[in-house]
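In the two complexes that follow, chain A is the common piece, with chain B as its partner first and chain C second.
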Partner chain A sequence: MKQKLINFFELTGLTWFIPIVRLCTGDDPKEQIGDLSRQIALPLAAMVSFFMIWSYCSTKIKTSVGQLPGPSYVLSQAKAMWATHKSEKFNKEEFKTNEELRISVAELIEQRQKTTSLETKKSLTSKINSIKAVILKHLSQLENEIKVNQAIVDKAEADKKAQVTAMTTQLNSLKKFVFDENNKAVLGPDGKPKLSDESLSKLANINNRRVAVFEGNLVRIYKSSENTAKSLIKKIEKIDTYYQQDIAYQAALNKDELEKKIISNKKKLDAFEKQIFKGKEYNSNGSIVDYIKLSITTVIFGFCLAAGIAIPMGILCGLSPSIMTALNPLIQTFRPVSPLAWVLITIQIIDGIFVGDNALTGEILKNTFLHAGITVALCSMWATLSNTALGVSSVDPDHMNVAKVLKLNWFDRIFKIVIPSAIPYIFTGLRITLGVGWMVLIVAEMMATSRGLGWFIDQEYQNNKVESLANIIVCIFIIGLIGAVLDRIMSVFQKLVSFNDDVAA
Partner chain B sequence: MKHKIRKAFLSFFLFCTIPTMAESVDENTIPLDVEKTNLHFGFIKLTDCASLVIAKEKGFFEAEGLNVKLTAQKNWVILLDNVIKGALDGAHMLAGQPIGATVGVSQKANVITAFSMDLNGNGITMATDVWEQMKEHVPKDADGKPIHPIKADALKPVLEEWDGPFNMGMVFPVSTHNYELRYWLAAAGIHPGFYTESDSKGHTDAEVIISPNAPPLMPSYLNSRAILGYCVGEPWNQKAVFAEKDGKQLGVPVVTNYEIWKNNPEKVFGVTEEWAKKHPKTHTAVLKALIRAGKWLDASMENREEAVQILSRSHYVGAEAKILRNSMTGSFVYERGDRREMPDFNVFFRYNATYPFYSDCVWFLTQMRRWGQLKEDQSDEWYKKTAEKIYKPDLYMEAAKLLVEEGNIEESEIPGDDETGFKPVTAEDIFIDGKAYDGTKPNDYIDSFEIKAP
Partner chain C sequence: MDKNRYLDLSNLSKVYETKKGPFVVLEDFSLQIPESEFVCLIGHSGCGKSTILSMAAGLNDITKGSVAVADKEINGPGPDRGVVFQAPSLLPWLSAYDNVMLGVKKVYPHASAKEKEEIVMHYLHAVGLGGAIEKKPKELSSGMRQRVGIARAFALKPKIMLLDEPLGMLDALTKYELQDLIVKLHAEHKLTTLMVTHDVDEALYLSDRVIMMTNGPKATLGDILINDLPRPRDRQTLLNHPDYYPYREHLISFLEEQEELKKKHA
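Then we have the complex of A and B:
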């Protein structure tokens, strides 16, 4: 058990768990604690000093959009992104319920239109109105939710206000402005007094108190759910008014005089009933989780495509020196091409294939997904290709001779001898491919408008404010972490298939 | 001093406050039986996409029974590409884009427009050192402040003594910015360069070399002196005022496009001809919502302030509210400390701003001919025919009349039935060089210029 665990952690690279396992199973505690402190304390120290340096630098560096965000500001932005994600999810569910309600109303109205019996019509009308009651009940719950969140926002706003007021008085009393020898404040080019570095860093800290903004977003999203429900109620009410009016007109004696009114009323009733029949898709700009999901899907798609092309080609190149010689110039030319160059041409090619007479029109997601995915494949497949070729060409000649003696056919030779002996090389190649692919993906998404992390970074960059700098930094951490996890996974596979250590990089 | 700091904090607060919520409007609107309920429109992160954003956020689309998704596009080429290939139903476009696409100056496709999104909104910014040299040649008033509008005449002597190439930036080859910058320069006899068969960059015979750049990057290019001036929309002119270089402001906006051509059309809402034919009722419903959004935007300064808050959300324009507010609420800063009132800098509805005038379309065509993007002379009839192919005032009127019927707009707010689509001949104070422009006689207008492509 113990050895198994240790092996597992060694395999996955989580080596700092090993001393804990040893400690738990009763190995020499002194040695293990020393090991543990080395494994954990050193990286921790490095990390803490990194954050300290970052924190210090952020107060000193002024970018064209404002103060560079420090760690705490970035953390608050990360929280904000998470909160947005949660409220997006909530909003989506609300939208679904709303659609379901709309469909049931639509069904009832359809039945009412078809039937001629007055009794059925009456009962259907009351059913429609009962759905209204359901939505209303739901709305009151939503209103509670909004109240709770609004209270949070109000409190945060008040806190922030108090803090800023305190800060202002403090700053004023400290009088840390820069004075010249005549005790006059030095004015900046904009006519405002120049602030000293200390004051500036304090002002920068106020940035961190903008947390309330994202709670405001939360309220906004709840309110938008409320609006969707309210507009459905409004539609039902309108249909009901015009319907009742219609019945009244039908029963009226002076129908001829009312003719005009009847027609216009019918028209309105018809227009609103048609509205109820029309389905809606949930549309939103998504949240960070959606971007991450799409990015990971794209990179896996690109990776599989790259492997699918590169491994067979690599095997062919490895088996036949003439194919290798033939393809080598092409491989050498295309390998170093930057993703930026590839993506533009792939966009055009994909559009050429999928758009036109047999178009997948309207499916912007699919198209842009393909743009990014194929670019990833094109840029990252070369490592696998050359590694596979190398692996195949360095298969032990003795093995091949054995195959000849046994008179194995071509397929058996490849699947029983060539691939098994080349597999460590192939996996080394695949690991590099995935790493390169992940890096390429972010660039490709920036260019191809596939709505993944790269797209989000590009959008934020265009927003041009401090908040967006912080969002970009959050994304950098996310990209780094995901990249590291992907690499770990590949290295586990690589270790599992390699026979000796020197192949594994 | 104290109150200055308080003021700074106060403005900080203002941009932190929570934007007001979207609300569903209206009792009178009767939704049309639209062919397509779920629509996807594109826009570029600039303040003049406001009509689209407001129509969504204030519930004007919802009232028409439309479920609209708005997505920011990376640049104008990708935006137009997405519209042409059908990934987007329609988009916020440069006025020159549908025209350029139809006559084949850029990507070739039949793109039409029935809605003009706004008037004015651009400026020309010069690097501060160039401006300081120009300033010596600019007439000044009693207080020593330069008299606006500043003509490129002030730039001419600077250019004569300039060592090396003089580069300037604009947004896109068929954008208003390109034509405005060229117009301004050429009005002073400075040659901005022609497009020819072999020169698609438009640098032939150029005294000032004009190239397209991405708007958000213009201030940084100015900083690195890759360009010495540029013509873009807001907020990128104001950005140069507040950015700093060597203790001075990075650049000085010298002239706005309102001063070059009063109430010139800037952006339009474009769809492909095919789309419009396939979804006529949807198109009308969209136009109805957009007209109401335009009216809402011009109704009051409170609405503008609310629009600023909405636009500053990160999925829309995303810039800080204080920067957006600068140009959206009726003033303009040329130099620090020189804030001037400019109530018409952004117009979304007044002066029939939303109506697609044929004469505006013809003006762009004349400029395309003038700078050699159109290679051959055409008859006046051709200009009119082309304008009728691209600009669709009849679709606009159809939507507007429905709105009048519903009581959502007044009849006086839209052009009457006798509107020909050609604005009257321009008076002397409309263009910066005082030229009269008659949209029905485009060839005479082109011939009246001294600088024009052969």
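Then we have the complex of A and C:
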């Protein structure tokens, strides 16, 4: 058990768990604690100094949009992004609730239009009106939620305001002003002494603090949901009015004289009913979690595509020196091409193929899969291709002798000797491919797609604000972490398939 | 079929084309091995003894001459000649069992799965590997690996067995164990065997005949020792046999003579 755990951690590269396992199983504590502190303390120290240097530099570096965000600012921005993601869920739920109510009303109205029996019409009408009660109940819930969350937001904002005021008073009393050469405080346009740069940045720090992001988002979502629900009620009421009017007209004795009124009333009824029938599509840019999911899906798609092309081609190149000679100039030419060049041509080719009737449908296909995925494949397949070719062409001659002695046929030779012995090389290539692919993906998404991490960074860049800069830094960490995890996963596979202990590092 | 020429190597020559012109490794080497005889080839390194073996295996092109097994001239390698290489040459991604099975499947294509399994298990047990059948080569010691190599060769049911210094890379104790194993297997299967070695004691312990090779280039057959030490052999009684030391002396003096010649030429 112990050895199994240790082997597992060694395989996955989580080596700092090993001393913990050894400690728990009663190995010499002194040695293990030493080991542990070395493995944890050193990286920790490096990380802490990194954050300190970053923190220091951020106060010194001015970007075109303002101060470079420091670690704490970036952290708060990350929290805000998380809050946005969470509120996205509520947004979707609210949308769904409202749509479901609309659909149930629409169904009842449709039934009422079709039936001729007066009895049924009557019961349907009362059903339609009873849905109003459901909506009202939902509205009262919303009202409550809005009240609660608004209170939190108001309080947080008031707190912040109080902090700013307190800080301003404090700074004023400390006389942290800008002085001219006569040692007189320089006055601002409002006639008050100007605060020093240092003091202003302290104030800006409080001003930039985001308060109750999540609750604020919720208030906005619930308010919009409230509007939708209210308008639905209004529509139901209008329909009912015109419907009842219609019945009254139909029952009137002087029906012919009222013809004009009947027609106009009917038109209004139809118009409102049509509005009820019209559905809405959920429209949202998604949140950071959606982008991460999409980016990972895309890179895996591109990676599989790359592997699907590169491994068979690599095997062919490795088996036949003629094919290798033939393809080598092409490979050498295309390999160093920048993803930026590939992505543009890919966009145009894909857009050229899928136009008109062939147009792609579905959010994910439309936005990323082909453009970014194919670019990833084009840029990252070369490592796998050359490694596979190398692995296949450098099969141990002893193993080939075995194949000769056994008189294995061509098929068996390839599938029982050549490919298995090339597998460690292939996996080394695949590991590089996935790493390159992940890097390329971000660029490809910037250029080609309208979702995903790369797209998000580009959007933030266009925003031109300090908080966007912080968002980009958050994304950099996310991208780095995901890249590291993907590489770890590949290295585990690499170790699992290697039969010589020294292949994988 | 002539039982006295079960393995017939006649007038074998091997020439490598080099930049400095043709390089003759082996010249005009002939040897006939009767059925079920165990022959050892002995000589200094570079004397072409491994070349002879790999030509007999069909793994090395024959420049001149021919190799015939049971009156049939060979054409390339094949499973009728089992080969054990100096390095075990096991496929590292297959377990011991699968390494042997690879050959068995080829040689017994029509046997049922159960029969094949029995054959594999039989030979793995025969070489003393019953307990390690599912292990990969990297989990086995070098002696164990060579045992798998031997099992793989024997499982092919070859007509002749070619052993290319199979024990050359092993430590002394493992070597003794595997020599005993080879003696046992030869006693059981009576396979015609040609073995390359540079160990005089090994040659005397295993063989019926020891072929001494002159030094290369242009190496050829130098001398033959008929090793009629009684069988079944075991190491201890063999050492006490009155003929043992004279035979050993014979072999060593031949090798020393060759060494002297080499120095003179150099």
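Throughout what follows, the second predicted complex is superposed on the first by the 452 of 505 C-alpha atoms of A that agree within 3 Å, B and C clash if a C-alpha of one lies under 4 Å from a C-alpha of the other, contacts with A are read in each partner's own complex, and residues count from 1 in each chain.
Here is the rule we use: a contact is a pair of C-beta atoms (placed from the backbone, for glycine too) under 8 Å apart; a residue touches a chain by one contact, two chains touch by 3 or more.
Treat the numbers as computed from the prediction; the structure is a model and nothing was measured.
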Taking the superposition on A as described, I'd like to know which of chain B and chain C A:Ser224 touches: first, second, both or neither. first
Does chain B (first) or chain C (second) touch A:Pro420, or do both, or does neither? second
Check the residue A:Pro336 against both partner chains and state whether it touches chain B (first), chain C (second), both, or neither. neither
Output check: A:Asn283 vs chain B and chain C. Expected answer is one of first, second, both, neither. What do you get? first
Go through the superposed model and pick first if A:Gly26 touches only chain B, second if only chain C, both, or neither. neither
Quick check on the superposed pair: does A:Lys404 touch chain B, chain C, both, or neither? Answer first, second, both or neither. second
Per-residue touch tally on chain A - higher for chain B or for chain C: B
Would you mind listing the overlap between the chain B footprint and the chain C footprint on chain A? none
Seen from chain A, its contact residues with chain C in the complex are 396, 398-399, 401-402, 404-408, 416-417, 420-421, 423, 499-501
Touch list for chain C against partner chain A, complex: 57-59, 76-79, 81-83, 85, 87, 89, 91-94, 102-103, 106, 136-138, 156
So in the complex, the part of chain B that touches chain A is made up of which residues? 1-2, 4-6, 8-9, 12-13, 16, 18-19, 21-24, 30-34, 37-38, 40, 45, 59, 62, 65, 67-69, 71-74, 78, 81-82, 85-88, 216, 219-220, 239, 242-244, 247-249, 314-315, 317-320, 336-337
Touching residues (chain side chain A, partner chain B) in the complex: 64, 153, 160-161, 164, 168, 171-172, 177, 185, 189-193, 206, 210, 212-213, 216, 219-220, 223-224, 227, 230-231, 234, 267-268, 271-272, 274-275, 278-281, 283-285, 351, 355, 359, 361-364, 367, 446-447, 449, 458-465, 467-468, 471
